[in-house]
Amino acid sequence: MNTLNTTVTSEAEQPEESTIPVQEERPAETKIDEGKTVGQPFSEDPKFKLRNVEVFYGQDRAIKNISLDIGRNEVIAFIGPSGCGKSTFLRCLNRMNDSIDICRVKGSLQLDDHDIYDPKRDVVELRARVGMVFQKPNPFPKSIYDNVAYGPRIHGLANRKSDLDEIVENSLRKAGLWDEVKDRLDATATGMSGGQQQRLCIARAIAVSPEVVLMDEPCSALDPIATAKIEELIAELSESYTIVIVTHSMQQAARVSHRTAYFHLGHLVEVNETNKVFTSPKHQLTESYITGRFG
Amino acid sequence: MQPANLMLLVIVCIAVAYGLGYARSRSLAMPMGGIRHLKSLPFYYGARAALWCGIPALIVLALWAAFQGKVIQLLVIGSLPPELVPEGEGRASLLLSQISNVASGALPPGFVEAPVAEAAERLKSLRAQSRLYMTVLVVAVAVLAGFLGWLRIRPTLNARSQVETTLKWIFFACAALAILTTVGIVFSVAFETIRFFQKISFFEFFFGTQWSPQTALRADQVAAEGAFGMVPLFTGTLLISAIAMVVAVPVGLLSAIYLSEYANKRVRGIFKPLLEMLAGIPTVVYGFFAALTVAPFISDFAASFGIDASSQSALAAGGVMGIMIIPFVSSLSDDVINAVPQNLRDGSLALGATQSETMKKVIFPAALPGIMGGVLLAVSRAIGETMIVVMAAGLAANLTANPLESVTTVTVQIVTLLTGDQEFDSAKTLAAFALGAMLFVATLLLNVLALKIVRKYREQYD
Amino acid sequence: RDTISIVGSSTVYPFATVVAERFGANSDFPTPKLESTGSGGGLKLFCQGVGTQHPDITNASRRMKPSEFDLCQSNGVKDITEFRIGSDGIVIASSKEAENLEITLEQLFLALGKEVPNPKNENELVANPYKKWSDIDSSLPNKPIRVMGPPPTSGTRDSFNELALQGGCEDLPAVANMSEDDMESVCQSIREDGAFIEAGENDNLIVQKLIGDTDMYGVFGYSFLEENADRLQAATLNGMVPTAEAIAADEYPVARSLFFYVKKAHVGVVPGIAEYVAEFTSPGAMGPNGYLKSVGLIVPPRDALMQLQDKAENMPNLAKDELM
Amino acid sequence: MTDQRTQAEIVRQSLKRRYRKERRFRAYGMAAIAIALGALVILFADIIGKGHTAFVKTTITLDVNIDGEAMYLDDASDARQMKMADFVEPLVRALMQEIPDAGPSDRDDVRDLINPYAGNQLREALKNNPDLLNTTQTMTFLAHTDVDVYVKHAGDEAYSIKLNEQQQAWVDQLYERGVIDTSFNDVFFSGGDSRDPSRAGILGAVVGSLLTMVVTLALSFPIGVAAAIYLEEFAPQNKLTDFIEVNINNLAAVPSIIFGLLGLAVFINLFGMPRSVPVVGGLVLTLMTLPTIIISSRAAIKSVPPSIREAAEGIGASKMQVVLHHVLPLAMPGMLTGSIIGMAQALGETAPLLLIGMVAFIVDVPDGFFDSATVLPVQVFLWAGSPELAFIERASAAIMVLLTFLIGMNALAIWLRKRLERRW
Amino acid sequence: MNTLNTTVTSEAEQPEESTIPVQEERPAETKIDEGKTVGQPFSEDPKFKLRNVEVFYGQDRAIKNISLDIGRNEVIAFIGPSGCGKSTFLRCLNRMNDSIDICRVKGSLQLDDHDIYDPKRDVVELRARVGMVFQKPNPFPKSIYDNVAYGPRIHGLANRKSDLDEIVENSLRKAGLWDEVKDRLDATATGMSGGQQQRLCIARAIAVSPEVVLMDEPCSALDPIATAKIEELIAELSESYTIVIVTHSMQQAARVSHRTAYFHLGHLVEVNETNKVFTSPKHQLTESYITGRFG
């Protein structure tokens, strides 16, 4: 295993009048050992058990030997500079990478002790269990009702129309959208505001009663008010779901997550309880990142 | 039953099979506590049953419809008295045509020999029988297969993946069909071209400056020995295309610039479709316009200056062709100009450049490769254009660069060569294929080149 | 197939279309389908064999050649009936605005032959040196030689070669002591240097192109001249102007007959062939006041018409001897 | 600072010259558009100018004494007699009565005013109602083409009048009296081709076009769309797919006449299919439009944003469900517009059809896919090649009809695109 | 004029363990009064004098009654969450908004006491005086020399080739690029690195000797080292030019600007000396933003 010595190149030029406060004690780690992660990457009751995960795009290794546990009903945030592999790693968890031809995944990924990448595994069922919400709200150009009902329909979750109505209502309620849209379920979803659309996408994801919800920068296209609503929602959902959220905003990670994982150039550099990561990062790269020295 | 009606019946069977399959899967699911315990949605069980029912039935129907004619013919001919049995395919087709004309009433039965009239009767009854058997067989197959499919419905059956796989194969078959036919057909033209080059040397064809392909039709006829030099055709084609481009490029380009940079949305919304309308007008209409209006006008106009202009001047055909091509140039240039990123435009404007300065000094140079690609595409269009030149250009293979003279083109000659004699046994008819192949290759090269340029240019900004 | 299929001569085409249309309108049979392929092309298609994919009738503006007869026979087209439907003259026409030609057949040969006697030594053959009409004779127009004519699939071309060119060449000293074959090949070869332009099987096209181009002369059948008499004029050949009378009386030097050929194996199989032939040969069509006359056919004399009608009834076989 | 001031000064001074250039450049652009649109206007004006008269026919209305004796007919229900009867005679007599100054020697001149097929009309009438024999009926017939030309174009330089002076005088007279009249030319829309311009119509060609288009549409749309779906969604990404892509792109730009060559070599000579029939025409045009449809369908599929795909996949929809539930409905407008434009191209296409025998002289309106037929643009081509100016008039009118169809189709495509266009 | 009461809705849910330090004294202002700006929006020797500026995109009011002075040879930074109207406002200053059909500008905008939006005003001349540098470096696909010479050429600033050479050299020197490119002035500009391209764009802008340089997120497409170079450059340029810079990075604003203006949903909420804005924001929205509670 080769060792990679990455130092923060911009450090030298960093202007003196930086206003973000700096930790008193300097972090111990300064280099990246491939496969080694600072902090607490493992958990006792893991929902996902991910070991030595590597992801290749053609020849490029986008994820470099990452091992991580994601606990049950935990909210874990992935942070890191752009292009560091957060999305790639996230999309392994429900095999959304399958549709990219050149993408290959290596290592062992288990959901409740069953291999995710088992060739015999039914992707449809997996994705029904591991839902996903995307960066840009992407409602189907159909009615609000049909958007939420789509998943239950294709999975045959409802026998009767009334069952379906119930599922739709419940999902919209959980997503905090019911009151806003209950009178216009037949209106097309694309006419809603961005924040509403994103909440609709969350409603759509939870309508199939997944166990895990993956969110890839769910607020980056939203205004502050809508963002606040979504964050609120995540807090509520965390009671019954396991949530993995990718965010480019450290503040957001700090607000919503229990644990935070810091990615850097395909490495998982540090994982720890969120307040620990932000108050006393153990790795120098993490510290540089959260103090805004790059990214 | 007629195949068309039978088809309807099969469709009904398919619908029934779907319904039954759907219902069965639901009834299987209910005791288990709802359809979520099925492997697939009821819809897929229904669809699977429908496929089981429909595909074999339709295959049987298609096969039957395809072969019944042949089989009936054999039966009818087989039952004729020996002296009437035709020898040779042509005779057989005649006799069959006669029999079926009698059967359909186009020929009076009294008019033909008795056995033929009898055969016509037999033909009628055989056809009726065939229809009956076909109906019975197809329906039987549909019901049986549908029933089997229905029977095998299990909650654990992954009907969805089966249906989807079938559908995928159907899509694949269509893609294969579309591609194979086209590719196969290209080969057949290549084949005739090879035969041509077995008769006429490569060298003569490409470098000969004489074109007189009308060779003798019969052994005892005196006609041209045949000269198959494509140089005059090629230069003629190029002359007309060049004239077309002289008209189309400046007009098309400037219109594109105006519409994309100056015109406001409303003006653009009106004029762009109007310009594109020029591309939608059939070429025969342009040919008509060129031959009957523009060409006489040009020769009269030239005559009023004492200049001698042919009534089929390259100018008339080329000019009208240029008008036809304007929208190709303009919409391609429009695309390319719009693809130049806004930030270049902003960059220039922010320095205090006027719009035309921005256009001329920044956008146009940046878009030039793309525009060149577009122009090449338009050239390939002009080279392959047929009707305008057939109607308005000449037939004489003149080697000239004078736009007021008449020249002929590759496409005109293809049409001329293939009227009259169409047996592919002489260099003359095969020459049409050789010309076609050359045209194909030339336009292909131009297109590949143009697409390469356009694409490369796109990449520059992506 | 229940529609008659007719191919062949473009010269006969205008007549045949009128007959076909009348036949369709006045009988219960469908209107025959006609394609103009030229006499040679038509005979070639015709002789390709019997069967529904081959035409039933072919028109020709010249007589069938023995070689074509043999082709027919070898392809199983044994029984053919020939109908001679009237006369036609080949005209050399030009736009009324152009300078009319007054020319002899010899001059015509000199203008269009591939190899002509050397102007300086009349016994030697050289590649045609004449560029302008006036190079041949100063009485002719001072204009480049440009003649548009039909291709070798055309009967008009054959007749033009045989009657006009060979007629003007036979007596030249240079060819006088050649064998017949050699003479034919010299006399019937048309120059290929661009002075003679082969148009397709579309005489109308030639007419159109002539109308706009005063330098151009065109070769086609008399009926096209008559149809466009207001815009075209015809050259005087050996002092003769092409008129219906002169052609009918065979005084015009390049007069020939028009024909059509019926494939007998198809009679009674494709409905209506006999009736179509009857219509064509009826007095209403080909009689002295028939409708074909008004479209420019030079109709046969009365006794010939009677014979034709007999033929239409009996459909006698054509024998090779007749063609020799 | 002073430096900047002078700079500003220089800039200000250069402005006048630069704005002049700007205006000139703009004017070039406008001129270009004016030229292009001018050409369009001239083209349309020329065709309408040439063709509008074809929508008018010239008729003669006569009180016809259907005199059995003159027609050699004493029983109109006897088919044999009907075959032999002379139906023109009563018409000539009736017309002679309308022209008092025409003597017996002018009979032929008078007859030449009536359309040669006018007798057929009388025959049909008698066939339908044998009792009309020996009665007098008021009937309206087509006039002879020469009369038609004279009535519509007397004095027009381009047209040559074939009537003699005497006939012209008669026609003037009859026209004044209303015996000869003009009305909407229904024959043009209900007849097949004819050698007689006044009887020639476009119905045969329209039906031929329709049949050809049905074949083309039925084959090219489903196959094209299915092929596009396969290539875009299911085909593995490899060299072969690239090759196919390049191939299809190129085929779309191959000159149409090449497809005629293919049709001739493959369908007619190799498979022995009949000449001149809509099926073969349709097949050839299918080959020609398939690439267009495949390309536009693929573009439409590509334009469906990946976010929609991801959304559906993220919920657990299978690939086929994603395609059928989301991609296809969203791509359909694009596919439809592409197909309509492809069909419009096919409808206006002439060159390849010349090579497969769809240029024959066909009078009867085709009634099946295997019936000889021609199509509208070829009909235009045929008529345009006729020396009679009366046919030029009809060719122009046929063009107007053809253009109406095409503009309609293109407008439909534009409307569809506008209407169903979605922006993400 | 209506008063808009916007409170930060997410405040209630803000997780307690937020790690970003909070100012001791709470800011006084909590709501936005339209047209009212906290801090010091006006200056004594204004280059730009902007009063009651409103910008509409069709029906949408993107800029809501903003009044602001921009001082001579001052570096002012515009910050604020995405979509708040920073770019829109900036582009009013040299009328780059003109090219957007639906954009209308109201209010009084004066450059050196002359109205910018005077219909008789010549845009070309205005833009020659107010240069602009964009977010993504946008060199023309020409040689480096031609890029810089472009402006002087079209304006006819140089009579001789040698004049032009001099202008090009001076501009490149000022942009700190001369040493790097002096040997390859004929190389095409698109082959340079992102940072070099951006400096080239700055050189191009100053080649016509503008009085003001507007920069719209000039570093957002650049890596940290290039960013540092540009920031250095801005500091130098500020001696002779008035500079307006839009940035999404508060750190950058803090590093380069004299004054900072905080935009929020089309309002100009607060303007003040940079260190004041970052150390003791007067408006609660500003504070929330700079402490990362949203955005």
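The chains carry the letters A, B, C, D and E, assigned in the order they are written, with residues numbered from 1 in each.
Following the convention adopted for this analysis, a contact is a pair of C-beta atoms (placed from the backbone, for glycine too) under 8 Å apart; a residue touches a chain by one contact, two chains touch by 3 or more.
Chain by chain, the UniProt names read as follows: A, E = Phosphate ABC transporter ATP-binding protein, PhoT family; B = Phosphate transport system permease protein; D = Phosphate transport system permease protein PstA.
These numbers were taken from a predicted model, which means no experiment stands behind them.
Colleague: Going by the stated contact rule, which chains contact chain A and chain C alike?
Modeller: Both-contact set = B, D.
Colleague: Select the chain whose centre, defined as the mean of its C-alpha atoms, is least distant from the mean of all protein C-alpha atoms.
Modeller: Chain nearest the centroid of all protein C-alpha atoms: B.
Colleague: Going by the contact definition above, tell me which chain pair has the most C-beta pairs touching.
Modeller: B-D
Colleague: With centres defined as the mean C-alpha position, give me the chain A-chain B separation in Å.
Modeller: Here chain A and chain B have centroids separated by 50 Å.
Colleague: How far is the middle of chain B from the middle of chain C, if each middle is the mean of its Cα atoms, in Å?
Modeller: 37
Colleague: Measuring from the mean C-alpha position of chain B to the mean C-alpha position of chain D, what distance in angstrom results?
Modeller: Distance between chain centres: 19 Å.
Colleague: Where the centres are mean C-alpha positions, what is the separation of chain A from chain D, in Å?
Modeller: Distance between chain centres, rounded to whole Å: 60 Å.
Colleague: Check each residue of chain B and list the ones that touch at least two other chains.
Modeller: Only 291, 352, 354, 357, 415, 419, 422 qualify.
Colleague: I need the residues of chain E touching at least two other chains; which ones are they?
Modeller: Each of 124-125, 128, 154-155, 208 in chain E touches at least two other chains.
Colleague: Among the residues of chain D, which ones contact at least 2 other chains?
Modeller: In chain D, residues 11, 18, 318-319, 385 touch at least two other chains, as defined above.
Colleague: Along chain C, where are the residues that touch chain B in the complex?
Modeller: Answer in residue numbers: 1-2, 37-38, 40-41, 44-45, 48-54, 65-68, 76, 146, 148, 151-154, 157-158, 161, 184-185, 188-190, 192-194, 197-202, 208-209, 211-213, 215, 265-266, 268-271.
Colleague: Of all residues in chain A, which touch chain D in the complex?
Modeller: 94, 96, 99, 101, 123-128, 131-134, 136, 138-141, 150-151, 154-155, 201, 204-205, 208
Colleague: Would you tell me which residues of chain E are touching chain D in their complex?
Modeller: Contacts found on chain E: 122, 124-125, 128-129, 154-157, 208-209, 211.
Colleague: In the complex of these two chains, what residues of chain D are touching chain C?
Modeller: That would be residues 108, 116-117, 120, 160, 162, 192, 194-196, 272, 274-276, 357, 359-364, 371-372, 385-388 of chain D.
Colleague: Could you list, by residue number, the parts of chain A that touch chain B in their complex?
Modeller: My answer: residues 153-159.
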